[in-house]
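The structure follows.
A, B, C and D are the chain letters, set down in written order, and residue numbers restart from 1 in every chain.
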Amino acid sequence: MSKTDFQPADDQFASRVQGSFARQGVMSFMGAKLGVIEPGYCEIHLPFKPELSQQHGFFHGGVIGMIADSAAGYAGYSLMASDAGVLTIEYKMNIVAPGDGELLITEGTVIKPGRTITVTRADVFAIKQGKRKLCATMLQTLAVRTGIPEFLG
Amino acid sequence: MSKTDFQPADDQFASRVQGSFARQGVMSFMGAKLGVIEPGYCEIHLPFKPELSQQHGFFHGGVIGMIADSAAGYAGYSLMASDAGVLTIEYKMNIVAPGDGELLITEGTVIKPGRTITVTRADVFAIKQGKRKLCATMLQTLAVRTGIPEFLG
Amino acid sequence: MSKTDFQPADDQFASRVQGSFARQGVMSFMGAKLGVIEPGYCEIHLPFKPELSQQHGFFHGGVIGMIADSAAGYAGYSLMASDAGVLTIEYKMNIVAPGDGELLITEGTVIKPGRTITVTRADVFAIKQGKRKLCATMLQTLAVRTGIPEFLG
Amino acid sequence: MSKTDFQPADDQFASRVQGSFARQGVMSFMGAKLGVIEPGYCEIHLPFKPELSQQHGFFHGGVIGMIADSAAGYAGYSLMASDAGVLTIEYKMNIVAPGDGELLITEGTVIKPGRTITVTRADVFAIKQGKRKLCATMLQTLAVRTGIPEFLG
């Protein structure tokens, strides 16, 4: 069963997301990986490494923001036509618990797709010894653009 | 002349900011450096490298968010007493132009310091061939905590 | 069945919400009414009147923001102890469709309750000829305070 | 001397702002008035009345949000061509002090005008016995639209 009711404009949406993600230098630098991709939905998984930490050994808040921005952006991008892309206009994120765990899973979901503006959200969960805990939630606004067939994180 | 009118609670504020920054693994991983530190004001400088890019070779939006969060957080932290610290509750950032340049300079400034809540802002500028252009602006809310004498990014 | 899993700290939570709401001059001025109140959940209903409009005869965006702020604030307040209250620190709202209808229904829900900070959300729906359409979504941060046993909108 | 360096696209910008403002039912309902209008800058003044209050007799946070949204929106609108208008996509506001005073003055300013997206800010000051105090600050994103030559609050 699908996680959303959205119909993709391009049935190659998953390979477009994968191709765009692979071209973002910062994602492999951090060690982020794509998870489930469905129309209007995208997961990013980020295993912990010390280079991603703040002083207490938790994931840095900026790192949490980065994968939340990307997961929500790719959720929006998954609904675009093959010649269109999305650009982050803005996002707002609340950190509700420390990023304490061996893995972060971010779930990006489209709230409202649009012709020129798409609104999305992301929830970030820290996985610690198999237990999953919400650590951040984000609201994001994307601009839809033709001629840049990518999500530009 | 000072950039703000704030009086620091602890005259060792600059060395506390430097020490905390040095303990954030992710800052050296990205290559970020502290710039000017004054009471209620903090700059972070980030030279470009391909690992920080999105597909078009610009700074990734998530990277912009990360240093904006940190510069604003350290601006808030600079006003804390020596036994207190700050934690990011939330932030909202607008990206107003691509992060296109050889250097990002982020200026974090305190808007309203408080006993339990401090509100800050950050402006991020891309420097390209010596020209400076606003690429993002952020509003941030920090929680003031005793017993965690750090900015926990 | 309850809409959330939260346990109220005070079993008089519903009458506290009703009392506080009744003391907010602006709610009766606008014609807003409380709907369902459960632990961590609060609805506000606002019938259309021309005084609440912008130029096209839709609900003004500021009016939408006002009842979203209040519904989310009362959701947070419903979980407080009898001697505590909440204050809005900040909120961020996306307007995803015009407020076009005879009634707005706002659903405020707690995302993460806390000892000093509570994070909430609200969704605003416009009801037009019986059809319900999302028109706005909000993320909100509340400060928990003892000695102000109210939600101060 | 002008408050900004922006050049208006339409030299009738001030009368367009005044006309649009006059058509917003909710502004006269609340008693809001336009102040200074310049290219990329707009003030709204709101005298206190009990109908605008929360329980402690201060301006309700939702009322503060409403005039901040409008002042920033009209700042953006002042730079539009005569056949274009703006729509609020989203805003985020921090309330930094209670709205305690006989008058609120909101200053809306354009941060970055654009062809399809304009980013603005607003600062809200409470005036009490002649003293001016910052009570809220907002970041806002507007969509530029042709065919709706108004700011649709």
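To be clear about the criterion, a contact is a pair of C-beta atoms (placed from the backbone, for glycine too) under 8 Å apart; a residue touches a chain by one contact, two chains touch by 3 or more.
None of the values given here were measured: they were computed from a predicted structure.
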Check: If you tally contacting C-beta pairs, which pair wins, A-C or B-C?
Finding: A-C
Checklist line | Whole-Å gap between the CA centroids of chain C and chain D | finding: 23
Margin query: Centroid from C-alpha atoms only, then distance chain B to chain C, rounded to Å. What do you get?
Written below: 33
Check: Taking each chain's centre as its mean C-alpha position, how far apart are chain A and chain C in Å?
Finding: 28
Item checked: Multi-chain contact sites of chain B, meaning residues that touch two or more partners -> 89-90, 92, 94, 119, 139, 141
Check: Viewed as a graph of touching chains, is the assembly arranged as a line, ring, star, complete set, or other?
Finding: complete
Check: What residues of chain A sit close enough to touch chain C in their complex?
Finding: 92, 94, 96-97, 111-112, 114, 119, 121, 134, 137, 139, 141
Checklist line | Residues of chain A that touch chain D when the two form their complex | finding: 89-90, 92, 116-117, 119, 139, 141, 143
Item checked: In the complex with chain B, residue positions of chain A that touch it -> 20, 23-26, 29, 50-56, 58, 60-63, 65-67, 69-70, 87-95, 98, 150, 152-153
